[in-house]
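Multiple structures follow.
Each of the next two complexes has chain A plus one more chain, namely chain B in the first and chain C in the second.
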Partner chain A sequence: MNNQKRHMGLKAANRLSNTIIYIILIIISVIWLLPFIFIVFQSFRVESTWQVGYVIPQQWGLQNYINLWNSDFKRWYLNTFIIALASAVLVTVIQLCMSYTLSRFRFKARGPLMRFMLILGMFPGMLTMIILYRVLADLGLTQANAVPGLILVGVASSGMGYYVSKGFFDTIPKSLDEAARVDGATRFQVLYKIILPLAKPIVIYTILTAFMGPWGDFVFARYVAMGTSAGYNVAVGMYSWLTNDQISNWYTTFCAGGVIVALPVTILFLCLQKYYVEGVTGGAVKG
Partner chain B sequence: MASVKLTGVKKIYDNKVVAVHDFDLDIKDKEFVVFVGPSGCGKSTTLRMIAGLEDISEGTVEIDGEVVNDLQPKDRGIAMVFQNYALYPHMSVYDNIAFSLRLSKVPEDVVYEKVTNAAEVLGITEYLMRKPRALSGGQRQRVAIGRAMVRDSKVFLMDEPLSNLDAKLRNQMRAEIILLRQKLDTTFIYVTHDQTEAMTLGDRIVIMKDGYIMQVGTPTEVFEMPNNLFVAGFIGAPQMNFINTKLINEGGKYYVTPFGVKLPVEGEKAEMLAAKKIQTRDIVLGVRPEHIRLAKAGEPAIKTKLLVNEMMGSEIHLHVSTEDETRIIVRTPTVDLSKEERNAMVAGHEMNITFEGKVMHFFDPESSENLLV
Partner chain C sequence: MKRYSDMEYLRLSKWQKFVYKLVSFLVGIPLGIGHFFAKIGSAIKNGCVKFGGECKEIAVGFVHGDWKTKISYVVMGFGNIARGQVLRGLLFLLFEAVFIFYMITTGGYWMSMLPSLGKQGPESVYNPVLDTNTTVYHDNSFKILLYGVLTMFFIVAFVYTWWVNVKQNIIAEKIVKSGKKLRSGKDDLRSLVDDQFHKTLLALPMLGIVMFTVLPIVFMVLVAFTNYDGSHNGYSNALFTWVGFKNFGTLFSWTSTGAAGTQSYSATFGEILVWTLMWAFFATFTNYFMGMGVAMAINKKGIRLKKMWRTILVMTVAIPQFISLLYVSKMFAQNGLINQMLQGLGWIKSPLPFWDDPIWARVTVIIINIWIGIPYLMLITTGILMNIPADLYESAKIDGANGWQQFRKITLPYMLFITGPYLLTSFTGNMNNFNVIYLLTGGGPTNAAASGAAGSVGYTDLLITWLFKITTGSESQYYLASVIGIMVFVVVALISLVVYNVLPSIKNEEDFQ
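Right after this comes the complex of A and B.
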């Protein structure tokens, strides 16, 4: 009897704590989501291009998106997309090759090289801004040519981000490489036929991070473009609408731009998120 | 079909550790050679050097008369089965077995024929579409063997293929490897730390310790005439008993005096000692547990006390202790003992034992070498 009472009591306590947890989570997610909902609503508001004291638009319309289409936004968006896509591809290839090399090959400089890159990575990238600008300027890759310049900067140091994928590769048994090599695979075939399919989550992670970096880049992109609209990416371009004399005309268009910028990243994440959790190494070796 | 020849093969790691010292071995075509030894003896390293997975620091490895030191594993004409199976987890069993064939651009219909043939031989046809993770250990090992089979290789290398299986499955797979060997009729090099596997599978056994070859010989040779104390102790289970004692030459007749009891050396062993003109000296006497028996009344006997009685079913292992507390293991077939005798064998039971004079082993206490080799 007593036991049953205690059991009921525990159940009630459990339910109470769950309810509290859910309420807190709901509040947090509302706080998180509100700005996004707010921006989406603003982007469809046509009665005024400036801030209003309410959230839900009185008049709905696509004028802000048409404005976007008629502005330099197309150019900036394309710039950003080219930079992000090129960086994602090149950085992924270089970083995975680097990680595989450091995980599987043994050579004299391996240890020192890894330590060197680790220490170098501890300095903020911003420190290199001035000298990088100088180099890019000498190569003619600034202002209107900022796109290849930014790709170059993003890709050049990509090998240094080897830690995460090397760590993952280290968990894939070496005997798989060896079995494949005995089976007739070259080192490169081992990488793309055996290791990469097994490392899918980490490949996806690398692609996403390599894409996201340049997609949201502001400081460096602004610096390299140096006020030339043709070299802007979306962040820099849209920021130019937020100056004191522009903001009242461009505020809602800015919101529409924000929605368009968020779209591909959201789609990318939705498509690829399942690979994050997918473990595929089961059954490779004993166990 | 190929011979394998290792000449002065040495493995020195970057940290100057020498894993294998001057390894010389001639493996004949279609021979089944087993490398056996405790962990760290260099057996796997040697196999991996033959496979091309490990650089050869010194010496040469020849396969079919061709030096392969600088060839990639895939160009050496070898197939290999790994201890942990090393199946590609993202591929089905079929794709696993077909992997090497597809890499060498074999037409898909030939691939199909070879894979299904191998699967049939190994009894894994019904699992062909499964992923390795959906298989049991024994099935996975069959897939690994199948993957090696379809390569039509000159040399079949196996690196402890049964160590991850449980005892029952291991016995079963051991028999299947013998059958496989008959079917494939190719050169096998097999690495194991298990002397039973070595004895049952090998045409010849290479016993290794600390990177050195201790002895190369047929299972009978290494069992009956071990080169040294290490081989004597390693081959045979339970392990051979070693007793520090004296060998006495009394006008051409030989005796040993373990624990002060004078026992005669008889038969071939006595002849061999005489042929080598061995004089009275200190020795380490080696006696296998199965060569120790209960002494009959009136026979010279060593007094012992029973410590542990291990009933193994068909045989009994008796751990006994002499008066100076030396432990000796005696192995006796269960049928040789009457029920009364068996019932009497409890801890503390006093037993008089004696050694068979025809099958004793004599080792030099300093060099550990067999005096008769």
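Right after this comes the complex of A and C.
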């Protein structure tokens, strides 16, 4: 009898704590989603192009999207898309080469190399912008030609970001390689026939992050474009709408642009969510 | 300090344990740093000994080698070709030819100019054809420094290749003498996809890193010792030159250089550094613990729709940061949505100074960063939380531990052990978190007391945003930006060094695999 009572008490306590958790989760979801819902509402607002004290538009319309179409936004979007696509391919190849090698091979220079890159990573990347800008300018890859320049710099320095995928490769048992080697496979065959099929999640993770990165690339892109609209990516271009003298005319257009940029990326991300989570939890933590 | 054995330690009271831990941590910092320098010292010593050995070996190889090997000391790859390894020999020879050609045509010039960074700046010359003064440009300090560094890289590469060439010839000679066969060019090519496969794989990534990361960093470190700025851009207005440690002196000067009432450079630097560390601390640990909390809430038994809660949060990871940050920044602006709404409801009379008051701005930045960071942390911690063996909790429950005790004694130690390295990288990453600060506040509100320093310093400026502002301002004091960059490196390196010596989970990489 007594025992049963205690059991009931525990159950009630459990139900109470679950209720509290539900309430917290609902509040969190609301806080996390609200700003994005606001953006969507404001992108359809016609009556004023600047901030107002309410969320739901008094007049709905597509004016902001039409403005978007008539501005340089198309060009920026195309620029960003090209950069994202190119780096999705090239960055993935480079990072996988790097991480696979550092995870699987034991050669003399490996330890010093990894320590060296760790130390390199402690320098703020911002510092190198000045010189990279001048070098790109010498190559004629700035301003209107910023796209190939950004791809070049982004891809060339991407080898430094090998940590996550190395962490993943470390989890694939080495006995697999060894067995194949005993059977007479070359290192290349081991990579191509055995490791790559197993590494599908991390390959997709790398492609996904490499593709998503350029959409948010801001400061170096702005440096390289140097005020030439044709060389902007979406982040730089839309930032120029929010400067103090532009914002009152462009604020709602910015919201519309935000929707157009975020939609495809978010849908892609949600589709590949499973791989992203696997990559993050498998590789990122072990570093 | 006295070191306790395990048994003695267990007998201490809670308070004594805490003091003991704290003291041993604090003592560990100088010990760790000392240890590090001792390690560097012994590494240098070993290097010297090794270098001496190599020199001796090369000298002995020259004296005892046959004529093929001897000629290879001057004409790289000669011995390889003579012994039938044509492919290797030709590559060595080609490299030597390119190097000599480069040094004679351009490399020599860059190297000779490197000590002065250019002798003749631009000058105004009377042009009789146009009948006006036109500017004639001569040396270019920027290019001299850049190509000078590149040439030095090239020389190092050449010396290394020469050394490899000599070693190979000595070895090849021995192999031939002992009657074995040398590897053919075909074997060499095949080994590139087999036992030398790592070289093939690393070639391209490393080339990129050397050209676009190492070279720029070396260049920018050197800039800290020059007077490169907007009015000495090295070409079109004036050359820049070496100034030694003067710029470090500027950053650490104790007297104010600006108008009356402004503070010195060192005070400004110290203020920004303290805020940078504070920000990194709060940004890392608020996200970490709150992200863990959310993950645990979603993981809790009996909570339904786990996938939905996760998806809602994960969605916000996908949206490019500049959109969410810029939007939220405007939302909290003086005439932004939040202030207008609150005023419309009559809850406040005047707008809240989210971005205009130093304290408000700093707190708001940290809170918005929580909003940005929690979903990501939730993802990371979910996976690890699920990996904690369930029987640990079962036995804890049987022993009568409540939820809080379970968290303190099982979850937290486990998490800290696994995520230690992540916390470190996240801390240093936050120190250099340019996007969040720059897109939210742009560094503002302006710090009037710091107006003597370059780059209009604000209260939420991190070192990294300050560095950026200095390079884009009207004066563009690149040398000062470079000094700050070096200081950031020093701070990050010191923190990493201390943490690495304290953390258990980094020490042995192979254990982890």
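One rule holds for everything that comes next: the second predicted complex is superposed on the first by the 261 of 287 C-alpha atoms of A that agree within 3 Å, B and C clash if a C-alpha of one lies under 4 Å from a C-alpha of the other, contacts with A are read in each partner's own complex, and residues count from 1 in each chain.
Just so we're on the same page, a residue touches a chain if its C-beta (ideal position, glycine included) is under 8 Å from a C-beta of that chain, and two chains touch if they have at least 3 such contacts.
What you are looking at is a predicted structure, and each value in this text was computed from that prediction instead of being measured.
In the superposed model, A:I94 lies in contact with chain C only, and not with chain B. Residue by residue along chain A, chain B and chain C are tallied for touches, and C comes out ahead. Contacts of A:D183 after superposition: chain B is touched, whereas chain C is not reached. In the three-chain superposition model, chain A touches both chain B and chain C at residues 280-282, 284-286.
Residues of chain A touching chain B in their complex: 106, 173, 175-176, 178-185, 189, 194, 197-198, 280-286. Considering their complex, residues 14, 18, 21-22, 24-25, 28-29, 31-33, 35-36, 38-39, 51-55, 94-95, 97-98, 100-101, 105, 107, 117, 119-120, 122-132, 134-135, 152-153, 155-160, 163, 170-171, 174, 186-188, 191, 212, 215-216, 218-219, 234-235, 238-239, 242, 247, 251, 254-255, 258, 261-262, 265-266, 268-270, 273, 276-277, 280-282, 284-287 of chain A touch chain C. Across the complex, chain A is touched by residues 14, 51-53, 72-74, 78-80, 82-90, 99-100, 103-104, 131-135, 137, 140, 147, 151, 164 of chain B. Note for the complex: chain C touches chain A at residues 142, 146, 190, 193-195, 197-198, 201-202, 204-209, 211-214, 216-217, 219-220, 294, 297-298, 300, 302-303, 309, 311-324, 326-328, 330-331, 333, 335-337, 340-341, 343-344, 371, 375-376, 379-380, 382-384, 418-419, 421-422, 425, 428, 432, 434-435, 438-439, 463-464, 467-468, 471, 478, 481-482, 485, 488-489, 492-493, 496, 512-513.
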